[in-house]
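What follows are several structures.
Below, chain A partners chain B and then partners chain C, in two separate complexes.
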Partner chain A sequence: MAVSTSLQLEQTPAERLRWQSVTLAWTSLLFVLFPVLASLGLFMRAYQANLFPRLDPAWFYTAMTLHGLGMVGLWYTTSFAGMAYLVARYVRMKAGVMWLSFTMTLAGVVLLLVACAVRFSPGWYFLYPLPFKSGGTWPAWATDVFLATLLVLGVAWILWILHLLWAIAHRYALSQALCWHYLRNATQPEVPPVVLVSTVSGIASLTALLAAVILLVFLGLERLLGIPADPLLMKNLTFYFGHTLINVAMYQGVAIIYELFPRYTGLPWKTAKPMVIGWNAVMVLVMFAFFHHLYMDFVQPRAVQVIGQIASYSSALPAAVVTILGLLAQVYHRKVRWTLASVLMFAGTMGWAIGGTAAVIDSTIVVNFRFHNTQWVPAHFHTYLLIGLVLIVLGFTAHFTQEVSGEPERSRISKAIATLWLLGGYGFVSLFYIGGWHSVPRRYAGYPREVAEGSLYARLALMLVLPLILALLIYIWEVGKRWLAAYAAARRPS
Partner chain B sequence: MVQTIAFAIWAVIVLAILATYGYFAWSARTPLDGEEYYKAVARLRRPLFIVLVLLLAATLALTLPRIPYPRRDIVPDRVVHVVGKQFSFAVSEQPITTDADFARAIGERVRLPAGALVEFRVTSRDVNHGFAVYDPEGHLLGQTQAMPGYVNRLLMRFDKPGTYHALCLEYCGLAHHAMRGTFEVLASEKLARR
Partner chain C sequence: MAGCVRGGAKTLLVVFALWATAITALGQGPRESARANDGSSNLPNEEQVIYRHMPDVSLKTTRQGSIFLSQLWCEKPVLVTLVFSRCAGVCSPFLRSLGEATLRIGGAGEDYYVVVLSFDPEDTAEDMQAMATTLQLHNRPGWIFGVGPPEEIQRLARASGFWFRSVNDTGQYDHPAMLMGIRQGRLVRLLVGATVEPALLRLVVHELQGEMVPSYPLPDPRVPFRCFGYDPATGRSRLDWGALVLLSPSLLTVMTVAGVFTMVRRDRKERP
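On to the complex of A and B.
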């Protein structure tokens, strides 16, 4: 076994069962929420392709809000759940806290659905003051329900992050968890990469959620006391929160890979100095890279904008030099056990690299001047989500359900899923890239004549995505069966 | 032009990434004993880091001097006031400070001389909007945000006469996709005859 089993803590059968149960609960969301949210995305592309000419555009924007918020929440939480399942082998986390977060997250989803039922649609990052100025599209109480949603989700997620950091702190001092002793060439205590990345992700997440708390306080002050907030400050807080959260979701996916992928190559992936430097740099850089979302706010200080470009460029270095090169080294002339899990994780990092490259290009101020809020933006984030992080989480789920259920894998089915997903995924996102290249705006329910080709691109995207839809259905069928078997196994008295 | 260069650079890098992943995945078909192969790839870390740093530093050096933020000492040939409000842009050569100004400016057709340095002073009377200027062929030339409480100064020079449109590139509500503003750019002599 390639993992550092000597570092793992002994889990009682009851503890193992509790972790399996809560992870089954989190992964069940993939089989329910993902198809629903993906259907909303398809509906949006169909709307842009003029397939619903009589339907009120408010439904397009409501679908956009639900799709965006839902997907960000889904991949942030499920990647956290995957990482927590693995890190719980090294530090004493309590599955009960995961259950509490799960319950509160579900409550947040219900509240969000209530708000969206009355066409609440300020977009996933609800840029102030739009939630309060809907132009009559949604009632004021829908904004209140949404603020309650934020509150519930914020508390749920802060709770589990604090718990993660608390559990890590019980075994390692902060400097050890961040592996600073490796910089002095000391390798004791040995810290597995999953703990290092969990610590970095936890700290970054915490800062993001604190920004969200401040944001919520300002929104509450305006709603309750009529005290308006500063739009530029609110924009900075919003993008700090959103940018950091979605980046952390990717880091959590990388933590899963560090821990799981070596089990398929038989080669240990140990913490080393370049990894430590890289991840500590990431923790700092992610806090400054978000400025690239505000390049088109010319009143931001010029120095801040330049810092945004430098930080965005720099954050690409650890990803390429530490993680991606490390993964490639893992497979180079190795006897790799290619299964659905390992193939999806491997391919997921490729999507991360390709989407990340597009993001770095867009983080160049002179390029952003022409790409900002065009379809280049959904192009790059769909690349590192739909054919990046999503594949990693689905890979984790395939691994986890197989581990618990012991069900064998059908390799032809696995090959079909991976091939169809990649074909459909790359085909789908390519139309976003072409749209961005041709100045087609993002988030448009319909296209004016200057960018009328946007409809054609949407139509083509709907055709090209068909293999991915098929892959998703096969995945749900195949891994869903395994999930049910794992559920049965987890309930069976040992 | 910028869009095409950016797209081309991205496409070349994508091909390189696909080829690299393909090569490494293919190499796993011929597994070899020992950790030498792992170490051979790990030794690439330092050169890869240096190459990437040089590439990124060169891009910074090339692009940072061209950032679109206006210096305070620049004096434009023309000043145009732009105000966004759900769901239209008012574009005027007169300041727009009240709703009455906004209503007047909606009906105004601003005409600008080709080649002149134009400063757009962009703000909003309600929510965030994105003031994005499209040329007559539908190419996005540049943009800035229209934000309540702030004025963003956008400097542009239009060489080609014709009708230019502004589309909103920051989601602002139900009719976001229908929000627009218009102005004309005329050859200098044609403008003088008017």
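On to the complex of A and C.
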């Protein structure tokens, strides 16, 4: 059951086919890139577990750079693709722009792989001036290739954000798209939640990407003209970009939930005042939340640190509370059609809540003084990604491939995937939390004597992650077959 | 008209050539100067030795008798310097400067020891005591002047990056002026230079006492936009243009979003 069927625009068969094709292309990345990038993550944990004692630790940092950047990029783009597929039913977007972004993103991936092949490894934050300080580990041209990667991806993503906003603007005024009329208790024109969240995500994405453009200009000035940059300004810009972008990726996942989950419960999920307040607050506050990454930078004025803590709390709570309560209301005393898609989306939202709580704890100044740069940090972001956003996007892909292919679902296989994923996922991240609790530092290839237990935790994590690996393989097999059937269906002449 | 176009093309070529020359010249500038700095200095480098375990030295002094350096650092933090009593160069001015700085910040003997060791094998404990008397440092609480076995002094010097070499039968040594801050046997800070600034020494002592001493490299003067400007004289920082740069993504976003929605609205209105 579609929530807002009456609000949906008429799509011609050709249009529908174009959207199905481009969404198939985007979801294909999941089947290829996710296993590769996940393997790099496993390699890192194996390295920390001392399984490769003779291997140069520089490879650990190369893997960390590629794994981190790749994963953030993968989940940001695929969640956008999912959201765009759904929002394109309400506003007229052009699939051609999505194809252009897809091609440019692929080019960016190739450039990043080239840079990492020669051990480009400043870490996935690529904090200034690390890209310029290779210490002989990577050649200078690898930094140039990386800067080109940023440029290509930046252009590709700004392009589709502008297109999304342009498409929304063709149907709604800005105040309507942000649902401000709901605050005056007016409900016309009715705006589906997916449009509200898409607008908020688009605006937040745009500001993050513009921060990246300024960052890139400064990096380019140093590289080309030898004009150095202020490291503090660069760190602020890096986190303005990175922190906001990964938050937006999650919001895009939530947009998918708002649109798809009601189809499994039969209960419409409509835009309401608390939702409007929550998402409008998020749009403003998320731009200030990144300050919590700079608590250790004592030269930042104290007021900025306080703003960072307040914004971290305030940006996380409204949207999360509105969404989680809304989702619980959707399933409470309802006969829910539990399929692979609905289970993954539900579990993903709960994972977001748990990871988000861990993030809010870490954004508290007094706690951050203890947890900063410990494994608590990878613990929280792996929670809201690996058992949060990733599940939502995988749930979307399961739904989408089934919708297009019409292939039935095997309930036992679906149950196995969900159970194994949650077992392995929570087992895997729990070792990061324990590591953080015991002050095991993050980003260490090997551990000194004082925190030697880090190796033990890494070994345990490798063991506990096995069910998740199995779940991923089964998912690829099961949904991959459906993807191929959907691909065949999309190519079939109607 | 054609002449105009040709003239424009020529101007463009000249501008491009100037631009390319500027990029090439500026691009090489900083790297060249960085290399020059690296090559010209052979002073001890704190970054290369920080947090190293220092080897123990058995000291011989006239006032405290024989003691181990480790006995001192187990008790409280130690400032150690290597000099020689017949020095006609930097040693005396350096010790005077250190003496004044410790007087200014206080705490010697209570919070930390100051150990002055000779690296000259010819020096005796008595020579060192005479040096202390000459410099009027002999009655200072917490100050210890002494000598140690040459091989142990050599090990300490090597571990801390200090060096000394004899100058052609003059009885003199070429060496830097250097102060080590040692806590529980580990080298925590290294000050290099003939003058000891009291403000800097205070930070060293704070760090030796386990307090967090914030340090942040001052931005290169060529940096066009900084978040904050810092005045070393007052120690105060103030907002700089870089802070405005941080606001620009949100301002640009507001302008872009407003622009997109306004343009589309106008377009819709104009369409029949």
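Simple rule for what comes next: the second predicted complex is superposed on the first by the 491 of 494 C-alpha atoms of A that agree within 3 Å, B and C clash if a C-alpha of one lies under 4 Å from a C-alpha of the other, contacts with A are read in each partner's own complex, and residues count from 1 in each chain.
Convention: a contact is a pair of C-beta atoms (placed from the backbone, for glycine too) under 8 Å apart; a residue touches a chain by one contact, two chains touch by 3 or more.
Just so you know, these numbers come straight off a predicted model, no measurement behind them.
Chemist: Evaluate whether chain B and chain C can sit on chain A together after superposition, giving fit or clash.
Modeler: Pair status: clash.
Chemist: Looking at the overlay, what does A:258 touch: chain B (first), chain C (second), both, or neither?
Modeler: A:258: touches no partner chain.
Chemist: Would you check which partner chain A:211 touches, where first means chain B only, second means chain C only, and both and neither mean what they say?
Modeler: second
Chemist: So, does A:165 touch the first partner chain B, the second partner chain C, both, or neither?
Modeler: A:165 sits against chain C, while chain B stays out of touch.
Chemist: In the overlaid three-chain picture, which partner chain does A:374 touch, first (chain B) or second (chain C), both, or neither?
Modeler: A:374: touches chain B, not chain C.
Chemist: Name the contact category of A:299: first (chain B only), second (chain C only), both, or neither.
Modeler: It touches chain B and chain C both.
Chemist: Quick one: classify A:173 as touching chain B (first), chain C (second), both or neither.
Modeler: The answer is second: A:173 touches chain C but not chain B.
Chemist: Report for A:232: first if it touches chain B alone, second if chain C alone, otherwise both or neither.
Modeler: Both partners, chain B and chain C.
Chemist: Who touches more of chain A, chain B or chain C?
Modeler: B
Chemist: In the overlaid three-chain picture, which partner chain does A:80 touch, first (chain B) or second (chain C), both, or neither?
Modeler: Touch partners of A:80: none, neither chain B nor chain C.
Chemist: Answer with first, second, both or neither: which of chain B and chain C does A:287 touch in the superposed model?
Modeler: Once the two structures are laid over each other on A, A:287 reaches chain C alone.
Chemist: Chain C: which of 205-213, 223-231, 241-249 or 259-267 bumps into chain B?
Modeler: Clashes with chain B appear only in stretch 205-213.
Chemist: In the superposed arrangement, what residues of chain A touch both chain B and chain C?
Modeler: In chain A, residues 230-232, 298-299 are touched by chain B and also by chain C.
Chemist: If you look only at chain C, which of its residues touch chain A in the complex?
Modeler: Interface residues on the chain C side: 22-23, 26-31, 214, 216-217, 219-220, 222-228, 237, 242, 245-246, 248-250, 252-253, 256-258, 260-261, 263-265, 268.
Chemist: In the complex, go through chain A and note every residue touching chain B.
Modeler: These residues of chain A touch chain B: 57-58, 61, 121-123, 127, 129-130, 133-135, 137, 230-232, 235, 267, 274, 296-299, 302, 305-306, 309-310, 313-314, 316-317, 320-322, 325-326, 328-336, 338, 346, 350, 353-354, 357-358, 361-362, 364-367, 369-374, 433, 436-439, 441, 443-451.
Chemist: Inside the complex, what are the residues of chain B that reach chain A?
Modeler: Touching chain A from chain B are residues 2-4, 6-7, 9-10, 13-14, 17-18, 20-21, 24-25, 27-28, 30-32, 35, 37-38, 40-42, 44-45, 48-49, 52-53, 56, 59-60, 63-64, 66-70, 86-87, 126-128, 130, 132, 134, 138-145, 147-154, 165, 167-178, 180.
Chemist: Taking the complex as given, what residues does chain A use to touch chain C?
Modeler: Against chain C, chain A makes touches at 162, 165-166, 169-170, 173-174, 203, 206-208, 210-211, 214, 224-233, 236-237, 240, 287, 298-301.
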